[in-house]
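Each chain gets a letter, A, B, C and D, in the order it is written, and its residues are counted from 1.
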Amino acid sequence: MSTSIRVLVNGAKGKMGREAVRAVRSEADLALVGETDLGDRLAETIAGTGAQVVVDFTHPCAAAQNTETILRCGAHPVVGTTGFTPADIQRLESLAAELRRGGVIAPNFAVGAVLLMRFAAEAARFLPDVEIIELHHDQKADAPSGTAVKTAEMIAERRAPAGAAAAEKESVPGVRGGRWRGIPIHSVRLPGLVAHQEVLLGGLGQTLTLRHDSLSRASFMPGVILAVRKAPRLDRLYYGLETILEL
Amino acid sequence: MSTSIRVLVNGAKGKMGREAVRAVRSEADLALVGETDLGDRLAETIAGTGAQVVVDFTHPCAAAQNTETILRCGAHPVVGTTGFTPADIQRLESLAAELRRGGVIAPNFAVGAVLLMRFAAEAARFLPDVEIIELHHDQKADAPSGTAVKTAEMIAERRAPAGAAAAEKESVPGVRGGRWRGIPIHSVRLPGLVAHQEVLLGGLGQTLTLRHDSLSRASFMPGVILAVRKAPRLDRLYYGLETILEL
Amino acid sequence: MSTSIRVLVNGAKGKMGREAVRAVRSEADLALVGETDLGDRLAETIAGTGAQVVVDFTHPCAAAQNTETILRCGAHPVVGTTGFTPADIQRLESLAAELRRGGVIAPNFAVGAVLLMRFAAEAARFLPDVEIIELHHDQKADAPSGTAVKTAEMIAERRAPAGAAAAEKESVPGVRGGRWRGIPIHSVRLPGLVAHQEVLLGGLGQTLTLRHDSLSRASFMPGVILAVRKAPRLDRLYYGLETILEL
Amino acid sequence: MSTSIRVLVNGAKGKMGREAVRAVRSEADLALVGETDLGDRLAETIAGTGAQVVVDFTHPCAAAQNTETILRCGAHPVVGTTGFTPADIQRLESLAAELRRGGVIAPNFAVGAVLLMRFAAEAARFLPDVEIIELHHDQKADAPSGTAVKTAEMIAERRAPAGAAAAEKESVPGVRGGRWRGIPIHSVRLPGLVAHQEVLLGGLGQTLTLRHDSLSRASFMPGVILAVRKAPRLDRLYYGLETILEL
């Protein structure tokens, strides 16, 4: 009989942390062994509980230090906190390699969003004419969304050269959207929306549309659980949920 | 037993005219009694065939004159040709009223497109937060589409005041679309698309989406046939397919 | 200067009632003058607070009696509770007519859902080929949804005779959906969905798609607020949100 | 400077063949060196024109023999004709291996459709709750579509075990669709539709939707051209467009 994976949630009182506690509790093969927060003694709790995996949803200013603590204390980090600099990532990758103990840092744990980005980039190799529509609630102040920008970048890196469209004339300025890495992005803001993204790819006589709808924080949990299950076997640090999907 | 309506198609060799000929032929209650084109003698043919309804898909420069001819020769016009000035319309309305013989002039005979515009305007009375996405093939040179502009105008005339959205910050200029009468319009251009329009209306916890997809010229024919069937009973001139839907 | 409408919420501790309290409070032209629940003395509270409108989200078994109380105590009812029999409705209509004091009883206060049903029925007069897809979370035990059935009925009452489709052969039984009043209904059940409905209407070369997405109980509130604003002017009882949209 | 690839189209007078002729002609790096049809002498024409690649869209009864002829005459086959038995495929694979000359046989050359199937199967590993909606014009006599069945099979082979949905009760039989390999399939048939497929995957708080719209035979051509460009380098036979996308 296989034993459960022992999981500690750090940042357990935050919005995401509470979701993570709920998610870990609802999985039969995971055992929640502790909950800590900013200010609690993380190292001691890892040691005291024998946690194998630590899920961290705390604050950007603490993220890098926490990850280091988790690795040094013998546990595998699964970190959804943002705020890592490239230098942070590099330093933590070296540490993990040295300790031969790995984990996952991911800015977006929504499996569907990560799959959409990957599929969009993949599809653009064969259908290079692409536009992005991202739709969010009307209280979101900035446009475009970070996910749309990241999606455009992932597409731009892989897509084939696009065909020549008609020379464009905008009789109402802005209707053709904004361009990022050459890809038009359209941002819709309406009450009643939550967080949605659509990538449209067109080819001769056909279109391929990829859409992700995210309704709640709960959408991040399947990705977190997936990472928790894989973490104990990892011997290096992975950045981005997409990098462990295939492991 | 009811007899068939006698129909003449003017502009029968053009793209739309050929579709109209096909459409009239396929309806059991309509009889195609003639086909004419620019240069043919329209008045004589109406008289000779005893046409009750003349469908006109010719050229903007001839549209007003043709409509006058049709009315004076005793038939009811169903005109899809564009290019009428407001003065043309007014003059033809007077003529039709005087003769007590009516018909239909419509810039768009696609029933679905006309319904969408009407529904969008109606819905905006209750859900005033609205955005329009129109999607066309990549050889369309101008943006936004005329239908999108007309839709925005119809919405703007009827909608209730919208709620205050968050102050907007565009980090990539253009992503929030172009505004016409205060309504954001987004134009997508991709190969594989034909002619599509989506109106999104948002309210607390809900969205209502209206979408029309037009795949071919054939999409105009149900509207033309509808108008042909109603034309013999009309005693004044109607402008816009939407004005006769309820008759 | 116009004064606020005085509103009492009955059933204020229930899920819908709490939403109603929040919604009334957030509108500048409405004044929340009281909150009652099953067991509280409704008649006395109406009298004591001088409520002009009473919003009722209580229990099916109390709905008819509450509505009568509200009418007799001099207030206008806006009732979202379900469970009225046709006889209840008839009796309350008579009472309202006699008292010359009206209100609204509506089984569905989501403006978007009600508009979708009306538009679908209207569009089917011109595009009689229709199918319904309703999509709900996977914990919904029954299929199809009540809204889909009601939509099919509203469409069936108004639509023109549909064209002859190809004789159908189902190689996997059930793929063509279930039929209600001759209209195919398809029910999708997946985690991550909330409550969505799509009506697809097809015609020659075109399709018209109407979609409503409902994400939360909050989606009922704009309809409730609309009814509250209109209620003080009503001198008879209206059944169905759609019946007051045009007033 | 690279020289053009010499291409012969067999079945050039058929609907697909005519499209292939047009497509090959419009690519600068491909040279159309011949057009043949059933009854023409294929072997001689390959020899006479020095064709490097032969595109075959002929008849199921001739497909296997043609492919053998193409391989033996020293050209690389790109075959869109259907009707191959598993034994045919096996025999042709052996022949190609022996001759060290490869090519592509594909039942579906629409890049978007093939990508959709692959993405759906891939996504179902992480989001195992899946339903398929396929939508076609109302003259299609059979349901579900072959593509929907193939998609369900590809998903079924790779997906993780799905969660337990609520026990289902169908009050209108058929609304929950038909099941193939455990996956619900819904078939919509309406005039105005062409050929469309949607795969919906649901997870906690999110949905991922993949949709392919095919409007014309032209949609197969980018896949054919892709195969033509890769064929000269192939030293074995590939079955399915998806197998060469990554080469």
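Basically, contacts are C-beta pairs under 8 Å (C-beta built on N, C-alpha and C of every residue); 3 or more make two chains touch, one makes a residue touch a chain.
No experiment lies behind these values; they were computed from the predicted model shown.
Novice: Weigh A-C against A-D on C-beta contact pairs and write down the one with more.
Specialist: Between the two chain pairs, A-D has more contacting C-beta pairs.
Novice: If you average the CA coordinates per chain, which chain's centre is most distant from that of chain B?
Specialist: If we average the C-alpha coordinates per chain, A ends up farthest from chain B.
Novice: Where the centres are mean C-alpha positions, what is the separation of chain A from chain C, in Å?
Specialist: About 39 Å separates the centre of chain A from that of chain C.
Novice: Can you give the whole-Å distance between the Cα centres of chain A and chain D?
Specialist: Each chain's C-alpha centroid was found; their separation is 33 Å.
Novice: Indicate the residues of chain A shared as contacts by at least two other chains.
Specialist: If we look for residues of chain A contacting two or more partner chains, we find 192, 201, 203-207, 213, 215, 219.
Novice: Using the touch definition up top, name the residues of chain B that touch chain A in the complex.
Specialist: Answer in residue numbers: 129-131, 133, 135, 138-144, 149, 163, 165-180, 184-193, 200-207.
Novice: Using the touch definition up top, name the residues of chain A that touch chain D in the complex.
Specialist: Residues 110-113, 115-116, 119, 122-123, 125-127, 201, 203-222, 226, 245 of chain A touch chain D in their complex.
Novice: Hey, which residues of chain C end up touching chain A in the complex?
Specialist: On the chain C side, the touching residues are 192, 194, 213, 215, 219.
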